[in-house]
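Following: one structure in structure tokens, then a few remarks.
For clarity, chains are labelled A, B, C and D in written order, and residue numbers in each chain start from 1.
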Amino acid sequence: MKLYEYLAKGIFRAEGIPLPKGGIAQTPEEALIIARDIGFPIAIKSQVLTGGRGKAGGIAFANNENEVTNESTRILGSMLKGFKVEKVLVEEKLTIDKEYYVSITADSFLKKPIILASSQGGVDIEDVSEEYIVKKVVDIDIGVYAYLGREIARKLGMQGDLMNEFSSLVIKMYNLFRKYDAELVEINPLVRSGDKLIALDARFNVDDDALYRHPNLPRLTEGEEWELKAKALGLSYVQLDGDIAVMANGAGITMATLDLLAIFGGRPANFLDAGGGAAVEPMAKALSLLNDTKPKVIFINIFGGITRCDDVARAILKVKKTTDFCAPLVIRLTGTREEEAITVLQENNLSAYKSMEEAARKAVALAKPASGLEGVGKCQY
Amino acid sequence: MSILINKNTRVVVQGITGKQGSFHTKEMMNYGTNIVAGVTPGRGGMEVEGIPVFDTVAEAIEKQQADASVIFVPAPLAKEAAFEAIGAGIKVLVIVTEHIPFHDALQIVDYSVKKNVVQIGPNSFGICSAGQAKIGIPPNSIFTPGPVGVVSRSGTLTYEIVSNLSLRGVGQTTCLGLGGDSVVGLSFVDILRLFEKDNETRAVVLIGEIGGRQEEEASIYIKSMTKPVVGYIAGKSAPPGKRMGHAGAIIERGAGGFKSKVESLKQAGVKVAEIPSQVADYVADLLKR
Amino acid sequence: MKLYEYLAKGIFRAEGIPLPKGGIAQTPEEALIIARDIGFPIAIKSQVLTGGRGKAGGIAFANNENEVTNESTRILGSMLKGFKVEKVLVEEKLTIDKEYYVSITADSFLKKPIILASSQGGVDIEDVSEEYIVKKVVDIDIGVYAYLGREIARKLGMQGDLMNEFSSLVIKMYNLFRKYDAELVEINPLVRSGDKLIALDARFNVDDDALYRHPNLPRLTEGEEWELKAKALGLSYVQLDGDIAVMANGAGITMATLDLLAIFGGRPANFLDAGGGAAVEPMAKALSLLNDTKPKVIFINIFGGITRCDDVARAILKVKKTTDFCAPLVIRLTGTREEEAITVLQENNLSAYKSMEEAARKAVALAKPASGLEGVGKCQY
Amino acid sequence: MSILINKNTRVVVQGITGKQGSFHTKEMMNYGTNIVAGVTPGRGGMEVEGIPVFDTVAEAIEKQQADASVIFVPAPLAKEAAFEAIGAGIKVLVIVTEHIPFHDALQIVDYSVKKNVVQIGPNSFGICSAGQAKIGIPPNSIFTPGPVGVVSRSGTLTYEIVSNLSLRGVGQTTCLGLGGDSVVGLSFVDILRLFEKDNETRAVVLIGEIGGRQEEEASIYIKSMTKPVVGYIAGKSAPPGKRMGHAGAIIERGAGGFKSKVESLKQAGVKVAEIPSQVADYVADLLKR
């Protein structure tokens, strides 16, 4: 779960990480009150869960009250990279002498927390060349002490008080990383303004699997429509930009299914993992959701292991009874209780493929405009 | 032959009295696995599928000489269960449980390394030494004994590919799921080393996916291997920044992409299949030579 | 530092460890008020920092108000094994169904925390035979979880709820062990009363070297007179029952000096380690303290390494100038600046041995009543 | 020959700018120790006795290839200093500092074991490979190169005995102080193993004291040694329950007594001296044979 910048900064502030003065506004009037309190110049930053806000025009500066009103009026309520801006963070605009980058995350190969830092701050870390990136692995049963921070600071070219300030900052970031089960604690840029280090931006992502341990953290309510609906159903769903809706059982095989469709020239509409061993009810819900997204084709790819193929067949029929499928179904079933499933489907004038490839080819063909099959489904586009 | 487990491995099931635990205990026993004990705190003295249940793993080891364990307990209790198994002296630990916070996994991995425990998972289907023993949850029907080692990050995709192998008459030594989470106990390299050393294993199938860099790291090792490796990487069409079901399957901050993995593997001499069914074709070809 | 039972129990209570109802009293009147509040029968336990209180008559029981007054009057102000009883702990007297032992300490060979438990509670653990003692080593970076407590409970023959209760108790004890830098957290006996486990006694020793981290813990004010005085001077001092006062530099050589005196038939009066590299001033203070204890002989054994022999000589003269030594000095000096030291001593009509053994023999001879040398010193006995 | 350190060992002094640190840096250099760096946070760029001072141990390793470290920092900061040295890759760590809380020592030892660091102390006089290098605080004058390994729990008593050895013409390979605290990094057994393997060491002196059970554990190992061991145990006249200066020197709860140690050693074939000066006599006798 990603937190908005202002929420991340709230958590940073509680830990004692130095931040620009600022406040959150939902209206231009509120923005003005905060700006008056801070004094000019100020920055107005749209609060959306996406990167590259600056380039997209989501960050503005103001030198006087008129500019605050104009810019906050422009930004609030506007759409930024597909997200509506509901709030802006109004902050003092600092004099920036130097920009750094620092983050803490887990390295999945080393299986340890890792601190990344760079003296090339203010740009995405993936655009910084390796030689400018300082990496320090953390022993999780030891944690982060001042020496680790000093060592990173040294490699960033810091000395004396700045070294100590950086060191204390890293300790605080690591405390937050551990305390909140964070996936990512990032400050980019971390700026030196005079003799102070200040976190100009803040990213804070929390492990979804650990949210139950953090009842006081706010819950994400922003995202793609179908992703939020799927999430509410407890499904693992990712919106894509194609027209073939996909449901499979297992993350790997679902990805492989999307890849197969793409290789055959098709355009998958989503990733939907019905999970291993899913029962009739949840599978029926997943299918209904797919149907609601109004795709051109619905492709169901099931390798029955713990999942029983006859349960899948029953889930399909359950949905069919209550809703009309708005698009042709392509079903691939193999494995546990395959024969029972085929029988059930045939009784209801449905059929299934045994081979994943054959089925995928069929789904792609059905979705092709040139196939002469468009409009086979009953949905309106 | 096989790696890590065989028919003599003495397995304790942690969380045996749960729905998943009891169902898979029966399935594992059906496969021939030597399940010797179950553990559920407070249920000591019970039996599940004829297997004695104890209050602690230490008691299961003391009374039944268990040397491997599989964890089916719910995610919030999994860390403690893993610590218990590791601390008690279990040598091979399979964690099937999904949705364990990865900060917990960081600690579990750390403790496993410290205590020299082979820790598989979390979020792993487990391990099966074909014809001998299965610890975990894959369907029994797909495996056939033979000369191919399989190692993977995903479940059903692996069943699909192993099933293809078996249908073509290509049997397996051991099939192992590393787990789909971002932090798991073993990486491809660890298992490739074991397959390289295993006398019966003649070829290896590596089933990777986007996210992280363990396929790239594996490629470095594969260059020094004497045995052929066939690979498949899922996630070619996955967009960056999105978690594809598995917590570990995400392209982020410029890393974990499909292309880098496939290219690394190819450079290491791995025959990389474009679609799952090609894997069995490639392996069958290799074994004919 | 050892804590009184009632202080240990205060810490236990804050952690949620189940205890008998009770209160602390400094007068029989206070004891009576507490007893009325609890109800009869009650136990009256003298609060002194020594074991074996029961056998020494320091624990009494009372079934009515008269008995409370009589027993608390008898105990309060009495001497118990050399300690004056200033306070009594008045507690409910429980029905005891079973007594256990449980403690947490550090194993100096394994270099890890260790939990010891026994179903033979109520007696000193050193009197319990090995087969009845359960030992569990703790990984310090993992800590204690319920399973470890269950495993100990099982070996103690506990089951079901009792097992869980014990387990939760051990976790709490370990929390205290870590939180307070404890050397020893001990409950003996831990009693089962009906279906409850209750800590009947409590021992809690804290690492002196870590006291600076625990400003809220009370400081020990009870002990042997000279030990307290030495402690105030920052000296490592142990009172013994002989007549030859000893000062050496280093714990090992000080012990060896005591042993040597004993082997030669002498009786050392104390252990006093002046430390390695001690300067004139602290050494002079140490010597004054020894002089104040009025021994028959004062034996100074210095191997000069970092410690300079001439500093030792100067410390002796410094004391000599202000106070008369009440007993003959036997001085052994060797090592760094040995010659300078001898010169300084000779100028003041003092001499020194080079050999530790020779010097020790001399000290023993001087202390022997048969030596005809008693009364050589100027002190009154 | 020697164990653990020699004239090529590259030593960093943590806390070099303190009074103790700078004094002993000079003394160690006088002995011939290859001191290559000092570390005091915030003092990077300074020099002490001509030795460059850095802000971190990692920098000292990077710039001066230090492989051993000695800690003189005050007790409240010693844990962090030790973690720094261990984490940075130091191979031999000597902690001279006294009065470190033993809970800190438990963590330091744990981390040292995890990272394969030879950790000596806390509250140790250090280690001296006679004629080659000294890391720690014993007086330089007492050592003579020769065939005897010395290992001890105390400082001055060891100087006394080593001095006796040298005066009798019996030189030493390496003399090492385990440290007087209740929790220290190494035990007698660890060092006896090294002396047993060291070609130049012909006999070993073990100087123990009351408290703990490491002399008893050492006795078990000594039975398997080919080299003769001479022992001395301090604390014969110490009363139970009293800490004799060293935090580790206490007879408590029925354990750590003098008699058990002497008897174990004697049963293992150790010649146990009753008074310190006998040690040199016994060793000289043994070497004559």
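Rule of thumb we're sticking to: contacts are C-beta pairs under 8 Å (C-beta built on N, C-alpha and C of every residue); 3 or more make two chains touch, one makes a residue touch a chain.
Keep in mind the model is a prediction, meaning the values are calculated, not measured.
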| item | value |
| --- | --- |
| Steps needed, at fewest, to go from chain B to chain D via touching chains | 2 |
| Far-end chain from chain B, centres as C-alpha averages | C |
| Between the pairs A-D and A-B, the one where more C-beta pairs touch | A-B |
| For chain A paired with chain D, centre-to-centre distance based on mean C-alpha positions, whole Å | 55 |
| Separation of mean Cα positions, chain C and chain A [Å, integer] | 60 |
| Distance between the centres, which are taken as Cα means, of chain D and chain C, whole angstrom | 27 |
| Residues within chain C bordering two or more other chains | 139, 141 |
| Interface hub residues of chain B, defined as touching at least two other chains | 110, 114 |
| Touch list for chain A against partner chain B, complex | 106, 108-109, 111-113, 124-127, 139-141, 178, 181, 183, 207, 209-210, 212-213, 236, 238, 240, 248-256, 258-263, 268, 271, 273, 276-277, 303-307, 334-336, 355-357 |
| Footprint of chain D on chain A - complex, ascending | 139, 141-142, 145-148, 150-151, 154, 159-160, 163-164 |
| Touching residues (chain side chain D, partner chain C) in the complex | 75-76, 99-107, 109-110, 125, 137-139, 141-142, 152-160, 163, 180, 182-185, 187, 207, 209-214, 217, 232, 234-239, 242-249, 253-255, 274-277 |
| Touching residues on chain B, where the partner in the complex is chain C | 41-42, 44, 55-59, 80-81, 83-84, 87-88, 110-111, 114 |
